[in-house]
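I have a structure I would like to understand better, so I am pasting it below and will then ask my questions one at a time.
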Amino acid sequence: MAVAEVEHVAMERILAARGIACDRGELRGYASDASFLTLGVPSLVVFPKDEAECVALVDVAVKHDTPLVPRGTGSSTAGQAIAPPRAVLVDMERVGACDARGHRRGLFAPDLVNARGEPADLTKASPDDELYVRVGAGRTSDETNRALRPLGWTVAVTPSSGYSTFGGNFATNARGSGTPAYGPFGEAVNRIRIVASSPEGARVLEVKDRAEIRALAGHHGLCGLVTELDVRIAPILRAEDMLCAVLSMESSDAEHIGATAGALMKRVASSCRYYAGEFLFIDGAIVRPDDPIRKDTVLGAYFVPTPGSRRIVILYRGRTDAMAALPGIAKEFPEVAFRELSYTQFQAMMRVRTAATGKSVARLNVPGCEDFIVQDPALFGKVLAAMFAVVAGAEGRPVGHHYPEGVVVHYRPQAKVERAAIEEAWALNQRLREAVLRPELTTEDRREHGLGLALFRDGPASRHEILRRLKAAYDPANVFCPHLLEPTSEARFVGSAFRV
Amino acid sequence: MTNAVPVLAAPISQEATSPDAALKILAQEGCIQCNKCTFACPVHRVDVLFSPRKVILQAYLGGADAVNERDLWACLTCGECQAACPTQVPYPAFIRAKRVDLRDAMERGAPCKHGGFKDIVAEIMARPNLKQDRRQWITDGLKVADSGDTIYFTGCMPYLDGIFSYCDSAEIGRAAIRIMNAAGIVPVVANAERCCGHDALWNGKQATFETLAKANASWIRGSGAKRLVTTCAECYSMLKYEYPKVVGPWDGLEVLHMSELIVRLVEEGKVKFSRPVEAQVTYQDPCRLGRHAKEYEAPRAVLKAIPGVTFVEMDRVKENAMCCGVGAYSNCDAFTKFMQQERLEEAASKADHLVTACPHCRIHFSCYVDGKPVDPLPTLKIVDLTVLAAQALG
Amino acid sequence: MTFEPQILAFCCNWCGYSAADQAGAAKMEYPSGVKIVRLLCTGMMDPYYVLRAFERGFDGVLVVGCHVGSCHYKSGNVQAREQVERVEQIVRALGLDGRVTMTAASAAEGNVFAEAARSFSEKLRKLGPNPIREVVAR
Amino acid sequence: MTARKVGVFICHCGGNISDVVDVKDVREFAAKLDDVALATDFRFACSNEGQERLQQEIRERGLDGVVVACCTPKMYEDMFRAKAGEAGMNPYLLEIANIREQCSYAHRHEPDKATAKAKLLVKAQVEKVRKLRPLEVRTAPIQPGVAVIGGGIAGIHGSLLLANLGHKVTLIEKSPTIGGNMARTVKTFPTDDCAMCTLSPKMNEVYNHPNVTLLTYAEVVDAKRSPGKFTLTVEKKPRYVTDACIGCNRCTERCPVSTAKSPIQVESEWEMGLSKRKAVYLPFPQALPPLWTIDADHCFYFQKKGSCRVCQTICPAKAIDFTQKPERVEVAVGAVLVATGWKEYDPTPLAHYAYGRHPNVVTQLQFARMLDSMGPTSGVVAKPSDGKPADTIVMVQCVGSRGPPGDPVVHEYCSRVCCMVAVKHAQLLKKARPEAEVYILYNDLRAFGKGFEEYYAKSMEIGVKYVRGLPGRVRADGETLLVDVQDMNSGRRLALPADVVVLSAAMEPMPVDNLLAALHLDKSPDGFVKEYHAKINPTETAVKGVFVAGCAQGPKDITDTIAQAGSAAMSAAVFLGSGQMTLNPLVAEVDPALCRACDRCTEVCEFDAVRVDPQSLVAVIDETACEGCGKCTVVCPTAAISVRQFTKPQIVAAIDALAPLAVAP
């Protein structure tokens, strides 16, 4: 057996002796995650069920100088949750989320705390109290929201994949619904417990300083195993004190659409505070012919585009008072049609948006250019022109979010699970990257759906400094994801190895 | 700034052999590795090493030999993963096809966990010149016939009580006949009837399934009946959806689950539930009746039609209902007891009767309650829908 | 060639098997169709074995254990009796009625074993071959 | 399945097999079977030459499986396995195909059918061997030490033998002193030795033996069995008298209990209720340990809220300590000897004998107390009603014994000793008072032991009168009693006058049901402890490591009790052996991945050999107790539990091979 192999056998025996579940069998199934990138097949996967087992695991890893790569459920597309062959993949899905036997049992009732960490009672809370749920890293937004909904509350920042773990959301500093109001996930965390390392072994640290937490968010597993978090929760906005609106514009000139939409977004960003700002391009084929939305008296019209032109639709949702300026702003742009929506109509349009990102009808996600940010919305027109020049005719559609710090654009071609289709979609992505990721367009490949792997090659230099400081502070033994520090790590697209 | 991530030069799996049948089923839909299936999977909740998502990616990369024996047989084929999957990956169908590929190569003699009993009874019933005596369980006072327009398909019922002694499966049959007789129907219970082949199909014995399907189809078509009723969810999913693929469509024959017949008979006034049944009940959607056959409403309608019954839904029902812990008798093991404890705790928190519409869910839950539960469990009676309905007859 | 029934005999190591040995030692003849499988105790007798025997083509299954009260393991033969009665119900439904039986023969009762083998074989000869045997060709 | 190299060795048995079975044909058939590396035959497989050939083939060809087709496995299976083991192959990969008793002998006149059957028998064993796993013969440590429960003659004799062998013995006695019922009998038949003279030296020897720890006034309240060990929980009742007691008896003299006007009266158990005793008492003079005991249930201090401390104040040695509490002690031992003895049947339900309604009707044990010079009547047989000496005594046999089957009041068994006890007491009385009249009314007088017949004849010589017939009624006629009986020999109906009527009451097992349940022991229909085998193994039980001796196992006299105590002690010594116990490898094992922890195996196991561990929720086998009967394998829903070398796949492989349809692979 190769050296790494021998090491893992010893490690596995030690961990098994302490009752920590390990899997060393056929592990090609762990070669990748939702990013579909891969660094090869890990030779050991470990499933700790609580903080104590995480500590034992880090102790052994430091003693054996074996790298650990933590993973929530691997539903993020950042690629930080895939392990190189020599590393041990740590599935954190059960940490703080299972019973003494390590089973995820039934329905979950979260503990509630206030800002000072003292237990709080949700039934007696008032809507603007600052409250948090104290949850294990393995818990997910879905199950937490299902537990909070009867009491009228919800997790403040919920990424689109509601089934990702809080640990994962924190590691990637995920954005989602509620981000415009509460910021990315790291902003909405009041306290974390993290198993860091030291030359002698594991150290359990409790971090309460919000600035430090904000810095740690998006650490992509570099600094340790987060085991518990206090995650901000917010009252569910009731339909009557909520404003939903849709703004749409049609034109044959993509650049004109982009410029107008960009200007509109700048105005909205400066004068409104909203929970959700989403945009998508709608064409005749985005939903199935028999989809009931086509027959909706209000929404049906959007799905009948005039041939030869494209239609952008921007959806906003926020508190009525915070969105008062929106109708006025819309009037400043005569080409943009403004219409208020009910919450159910808003949700119907959101389902169309989710479908458009290839998450429900598409065949296979082919990464490569699925996530970048346009810092200056004014240049949104030029970006769109460049995009449509490349992707015209392909099956995917650009969609994205309007965040205060810029316009985030996703593009994910939908490829059938066949070799030719996968290769072709991959090549399209490469061409799109060259066309769009250019400094003059103030675009930055956020890889938040891919940044995980090229942490120190892409992204702002300031971010690199922060991450290096955190690495020194939390992981002097350099046990956690050391492969992220070497920019040369060769991530590959696993899809083309499919035997289809 | 373009730093394209190069397409994977060396493929991970050794050689790109021709994809097997199972992989073709899988490849029609695309897995986006979002892990929703593994979160929904009842087996994964108690056995973290079992992950449907890992098996799919492994199948894409590894091909025929990449599914190890543990993963292949631990799957309950309950379909909760497919219900949760955003791209509807047909995972149970993939597992079924893979079992056909790998079954003979495996050391496991009889995958049927009850010591091979269900397997061997099905094999015997697949033999041509079998002269069964299938009416021993029909007590006097119940009228059945050799011919008529309604067939009551009983499947393996005559053989269940011989082994599964902790609940009376034939009681379901008797209740069904009592209801039908009350509605003026004298059902056909034929000695020519064979096991419906559900376990054979789901345990990878395709040949046995097709033999049984053809044998059953020939006598059913020969009987000239217009309606076939069964009280078993597994028989229902076989006869209604799987048989047509092997023996062609049932032109002129309607396949009904007993709950559907009861709803129809109540609507037509042929059956009156006059005697109240004082019971607080909750309903377990059998996977083969719910997710596999999309029949959620009829059983609930029956429960609502029975006077005196207070019906409380569990939290996870219909497409998200949790399985009873054993699929096609092929995977009852050390983890099953925790799954059953979880589901029965949820049921016991809502009612003191758990009603289900499949004799096999009832057997598996009764086996657990009859043994020693792993944690304290309030007393819970496991009742069949048809038996409950029969109690309400005048 | 007259039909000679193939019988699978499950004998318990302490009584049935020794009875068979004793019958042989005393040169008592019984039909060669009786094939003996040794179990440590008839308590090990599983209904699956009976059904497997019929599926594989045997015409009858004979279980030979100890007399009640003299089982080497106290009550193995009692449980065996229950299991045989259970499987008889299934066998009757499968149309193979009368092809399973259990008897008791202590280590010294070779004659009882030989007689049981002969009479059961004779009964099966009248009953005819196992209907589900000859067709299987795999 | 991993490929195997199986050797098939066919024996001619010097013609016993080869005269009927065509060995060459079977050999060629065997050679072609899957995984068979070698098929050969011998004139005599069991001969030295045969065994050496077997070992040589194993070594040379590296065989990892052997089938010897020869005579019944009962003959040479162990020998062949040992030989294979010596040659380096795991012995448990060897199986025997019985082609002699169950083939060539049984089908002598049908050689061709016998040959065909021999082929299938060989194939069945080959198929089974291919699925066998090598087994290791392991040993398990046995906890040293023996616990003897019951301090009567059986317990004492057993303890002495084991202690003298060097074993650490813990003798546990429920009453305040050892000695048991034997100490109550004045003399022993047929030797007329004084009972105490033969018993007391043994009591002293066991009391002072360095290897014996004596726990008296102590009862076993629970027993847990674990591999190779029994852990007994013993509750020591407080005596309220410390070791400082010098035995001056002042406390007993001054204790107010049972005095004339005292509200608390208590009968002496020792004297069978013939006299009363004080709250603080010594059961009998030679009692060991020689300590007084305070009976808290009948002591003013305890019953009347500390109202009397007489004994404490006058005790010169300050040995009275009312603050003592019950104490629980754990005793861990490797073996347990049950010697809990017997108690006398209470004849009250037999109304026609008027026992309990007329004072002058007594039992033999009460009569023995009268004969005892240290007893309540100082050796003079007197009428309890007025204390005057009794002139005529009528003894009635089979009181409570030899009743009709299923009778709820009377035992069906014969209590074995009462005839000789009656003869003994009768001739003791005649010797003491020749003028007294003694009748013995008997059904069958059973004088079966060594010297018994001569003892019986002598009693007739000195005038004991025997009447064959059991009385219909005992009725009072003023002061004297009248016993209506029909003399079966002469047919005459008699009404025998009697000053005292003595009932020979039956022997019953001492009630120890919860002890037996804790040790997982069964009772035989007569209520005594069930021995492993009534004929050839009366002192072992079904539970390995638990032995039984004396009247606990059934009514018997002291002679037989001594014999059983010796046998039980020896069996226990053999079982404890060197402290290691070789484990039978052919027992059950559990696959933890399949176990549903549903307890069905525990319910059917007769040997308490499997239990579900509450922590891991998986069944765990105690290999020291499991006998390998396999009952559990049938009731286990997932076949998680199987008996080694008799697993389901292995048996099914044999069935398939023997099937007429042996389908070509």
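Per-chain numbering from 1; labels A, B, C and D assigned in written order.
By definition in this document, a contact is a pair of C-beta atoms (placed from the backbone, for glycine too) under 8 Å apart; a residue touches a chain by one contact, two chains touch by 3 or more.
Keep in mind that this is a model prediction, so the values were computed, not measured.
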Could you name the chain whose CA centroid falls nearest to the centroid of all protein CA atoms?
-> B
Interface with more contacting C-beta pairs, comparing B-C to A-B | A-B
Distance between the CA centroids of chain A and chain D (whole Å) is 74
Per the C-alpha centroid definition, the whole-Å distance linking chain A and chain B comes out as 38
Taking each chain's centre as its mean C-alpha position, how far apart are chain A and chain C in Å?
-> 68
Quick one: which residues in chain D touch 2 or more of the other chains?
-> 648, 652
In chain C, what residues contact two or more other chains?
-> 46-48, 52, 136
Mind pulling up the chain C residues that touch chain B in the complex?
-> 46-48, 51-52, 54-55, 86-87, 89-90, 92-95, 97, 131-132, 135-136
Which part of chain B faces chain C closely enough to touch in the complex?
-> 110, 115-117, 120-121, 123-125, 127-134, 136, 158-159, 161-163, 165
Chain C-facing residues of chain D, complex | 72-74, 98, 100-103, 105-110, 113-114, 116-117, 120-121, 124, 522, 542, 586, 604, 606-607, 627-631, 633-634, 643, 646, 648, 651-652, 654-656, 658-661, 663
For the complex, which residues does chain B have touching chain A?
-> 1-9, 11-13, 16-17, 19, 23, 26-36, 38-39, 45-46, 48-49, 51, 53-58, 60-63, 66, 68, 86-87, 315, 338, 342, 345-346
Chain D-touching residues of chain B, taken from the complex the two chains share = 107, 109, 113-116, 332-334, 336-337, 367-368, 370-372, 374
